[in-house]
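Look at the two complexes coming up: chain A is in both, with chain B in one and chain C in the other.
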Partner chain A sequence: MPDGSFSHPQQRSFNPYTENGGTILAIAGADFTVIAGDTRQSEGYSIQTRYAPKVFRLTDRAVLAVNGFAADGNMFVKKVKQRLEWYRHAHAKDMPLRAIARLIQTMLYAQRFFPYYVYNILGGIEEDGTGAVYSFDPVGSYEREACRAAGAAQSLVQPFLDNQIYFKNQQAAPGQSHPLHLPLSDVLSIVIDSFTSATERHIEVGDGLEMYVVLAKGRSAQGLEGGRGVQELTTRTDGDRVFVIRRELKKD
Partner chain B sequence: MDHFPTNWGRPRNDAQDLYNTYPLHQRPNNTPKDVFADGVQRTQQPIVTGTSILAILYKDGIMMAADTLASYGSLSRFKTIQRLQSVGENTVIGASGDMSDFQYVQSILEELMIEEFTANDQNELGPAEIHEYLSRVYYARRSKMNPLWNSVLVGGKKDGKRFLAYVDLLGTTYSASTLATGYGAYIALPLLRSAVEGREDELTEEQAQKLLTDCMRVLFYRDARSLDKFQIAKVTDEGVVISDPIKLDTTWGFAEKIRGYGPQTQ
Partner chain C sequence: MSIMEYNGGSVIAMVGKDCVAIASDLRLGVQSLSISSNFQKIFPVTDRIYVGLPGLASDVTTLHEQFRYRVNMYTIKEEREIEPQTFAQMVSSTLYERRFGPYFIEPVIAGMQRTPSGSYEPFIAATDLIGCLNFAKDFVVAGTASSELFGAAEGLWEPDLEAEDLFETISQTLLNAVDRDTFSGWGAVVHVMTKDKVITRTLKGRMD
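On to the complex of A and B.
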């Protein structure tokens, strides 16, 4: 009886949401950003597939990771990409990262009373050439951060990042201070360790790992090109560049 | 939310307002009036249901299997229902869940294929397009809180490319080299995965057919909503072939030797 009145009893047994597991993570460097996610999709105790990407390239300088209810996630990414295409046709350029972040908040809040059950992490290069990570809740609250983990193993990974990226509970050597940003090779090692550890301890994480690396314009791709499982997604080398690194994770 | 300021700050329901000393005047009911509101029913649970669908990739294409039973609760109500359906020249779909919702989806797809045919533009929708279309239909219906209560497998081969994917009542989608719905996801999928994963390009048609038949037999032994009559569909470069119903050969001789539960006393 969908007339909105309270005069007769209502019941709804249909639940339009489910949880599809998996974990995503992003870390910003001084002039790069790494955005990663595992590729397992599950429901309950069943693995639905071992390869369902959760991380998507939006532009040459923006990558979006989505986690939560997979059907909502796919639809949300589809709509964001559509809005970015319209922007390209209207303005003959790609939307800047902070504008994409605000767009995502608006699109999420538009669904405030029937939310996309999705946690978003947006990573990329800001117009000033710095690496940036924006994290969102399902209804659009967002902030810019240096690193963020979300999803099934958020509670396992985030404390590790707090320690390794923000140097929480670590004392610098006498007369020295903690570095503001870590080099790319260190960040990649931390990401890989985060996911192998989460795979060990969380049943919904595993199968495959996809790490997107966005490099600021002019930054050398040293240590990245020709590496194992590395693939460049951008065709031009005179702007921001996007790479993807694929790794296997344990499948049990 | 209630957009009408006259209603603000008032109890939602006068009958429940225990502290009211003066009768509140009748508030306007500003919701859209629908005389059929009480008559409109939405699928809140499936009624006549089909059980598992199995599907795998193999060397020449894809193969899908489903039994021919449509159950009404625990009653085996309809025993010769076809749950595999070809769509165009390159695609086959199989559905578990509510069979009336599936028949509605079949009618939508038939309408779609006719519309595409009359365009006469030398294009035909392949399995990937059919799956994308179905995922939109199912997601749209769940978003209206009025779901089509199915889990559907879509398989096919077009332009030399094999395709296998899943969509369900929530609009959830995924793709893999072996897929199963319902009880099959618990009982048959592990068997299918160990036989198929990594050997998608080597598995012959005979091996694929035997594998699916064995899995249907295991399902018949354990799934109380299944039948020993099933069909196998295959999609290859030659197009779609859906077999006639096949009878499973089963062995029950061991049953009388089982002791420890059931009606036996010793």
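On to the complex of A and C.
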């Protein structure tokens, strides 16, 4: 009570988590991977900023998208980057993608009883040169997949991806089969369509779109280099390459 | 425990070029337990109107009978068939009558509306459980898979689809949406209506 007495039951609470909206998505190709996320950050019905990146370059062959509680997400990315730097100093090379995936699992599970409130999607190029996507739950359960959506509009985007990437509920023409991997231009179109659709129907998605493209070593960057809103983030030549493509999304 | 999700089920309607389509899944469940894979949620009202009633299964029956009664009374009094627009208003007022003890149904209406020139134009509408009408020009969705349906439909639908293409679009939208919803699925039914006929197809779907 205001008089400070304890004659009545009292309760106090503090909630250390919040949801900051937004959606992320990754699709693996035969020799490339696209990892994308919108840039809106919200809390409840308020927009905190229209540009808060959720997708981060880790190495020349790995990109991490983080969605959920933004404070935890940023801290988690910071710690993953730190561990990757230590690995570089110890081994004089970048950590392979599947090793980064296992590292993320152990880092998430280390916080099993006070978790990072984030869904992670790791995308990049495997040591054998194939495109790969790893998706995680907040406590480190993970799986390698060809495509995955997570975040506020996961329920809107994932059925569309099932249909367009995995060709679910579609029958191939007689004597033919569905392709296992789509070309980069098709994948980028599907990613843009997914986010414009999610922006249209979900209030927490919009403002900007960042699509990271990781290309396997030796793959032609035709159509990417010098394209509109394209920037190369690769640090070393003669390896895998990372690009980012920025697009506007509706702001309402 | 949400009453809206007690029995599961989803409905969607889409507009095409001189045609409309309405489709639903066929599941009836009690929470996670599936009971029937042939539970119809879409009913013909007239030759040119269909109504889909996703929500609490007992209220599906009650409301279907209620609508049948009111449409019959309208037909006798007016000596003509009810128009889709009018039927939508009837659905709305029927639900709002129970504003403080609602039927747990979110109806979807699809039909061909007669114009003053004597031709027919596509009509779709949906309401919430207390009868707030939504006259959309593209598509409407309702049921436990509504967010999945919104995402899939927003990605697949385009304006002025011919009847056959509209059938493919609504079928793919529904099938892929219900496959990501545990409360919907177990087969589907699709009705495609043009000015002079309705084509009804029952679709096979994932049974898990």
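Please note the rule applied: the second predicted complex is superposed on the first by the 237 of 252 C-alpha atoms of A that agree within 3 Å, B and C clash if a C-alpha of one lies under 4 Å from a C-alpha of the other, contacts with A are read in each partner's own complex, and residues count from 1 in each chain.
The criterion applied here is as follows: a residue touches a chain if its C-beta (ideal position, glycine included) is under 8 Å from a C-beta of that chain, and two chains touch if they have at least 3 such contacts.
Being a predicted model, the structure only gives us computed values, none of them experimental.
By the document's definition of touching, of the two partners only chain B reaches A:71; chain C does not.
In the superposition on chain A, A:237 makes contact with neither chain B nor chain C.
More residues of chain A are in touch with B than with the other of chain B and chain C. In the overlay built on the shared chain, the residue A:106 is in contact with neither chain B nor chain C. By the touch criterion defined above, A:46 lies against chain B but remains apart from chain C after alignment on the C-alpha atoms of chain A. Using the contact criterion defined above for the overlaid structures, shared-chain residue A:114 touches chain B, although it does not reach chain C.
Once chain A of one complex is fitted onto chain A of the other, the partner contacts of A:156 are limited to chain C, with no touch recorded for chain B. Of the two partner chains, neither chain B nor chain C is touched by A:189.
Residues of chain A that touch chain C in their complex: 153, 155-160, 162-164, 168-170, 193-194, 197-198, 200-201. Those residues of chain A whose C-beta lies close enough to touch chain B in the complex are 1-6, 12-14, 16-18, 20, 41, 43, 46, 48-52, 69-71, 74-75, 113-114. Chain B makes touch with chain A in their complex at residues 1, 12-13, 29, 31-34, 37-38, 40, 42-45, 135, 139, 142-143, 145, 147, 166, 170-176, 185-186, 189. Those residues of chain C that touch chain A in the shared complex are 147-148, 150-152, 154-156, 171-172, 175-177, 179-180, 205.
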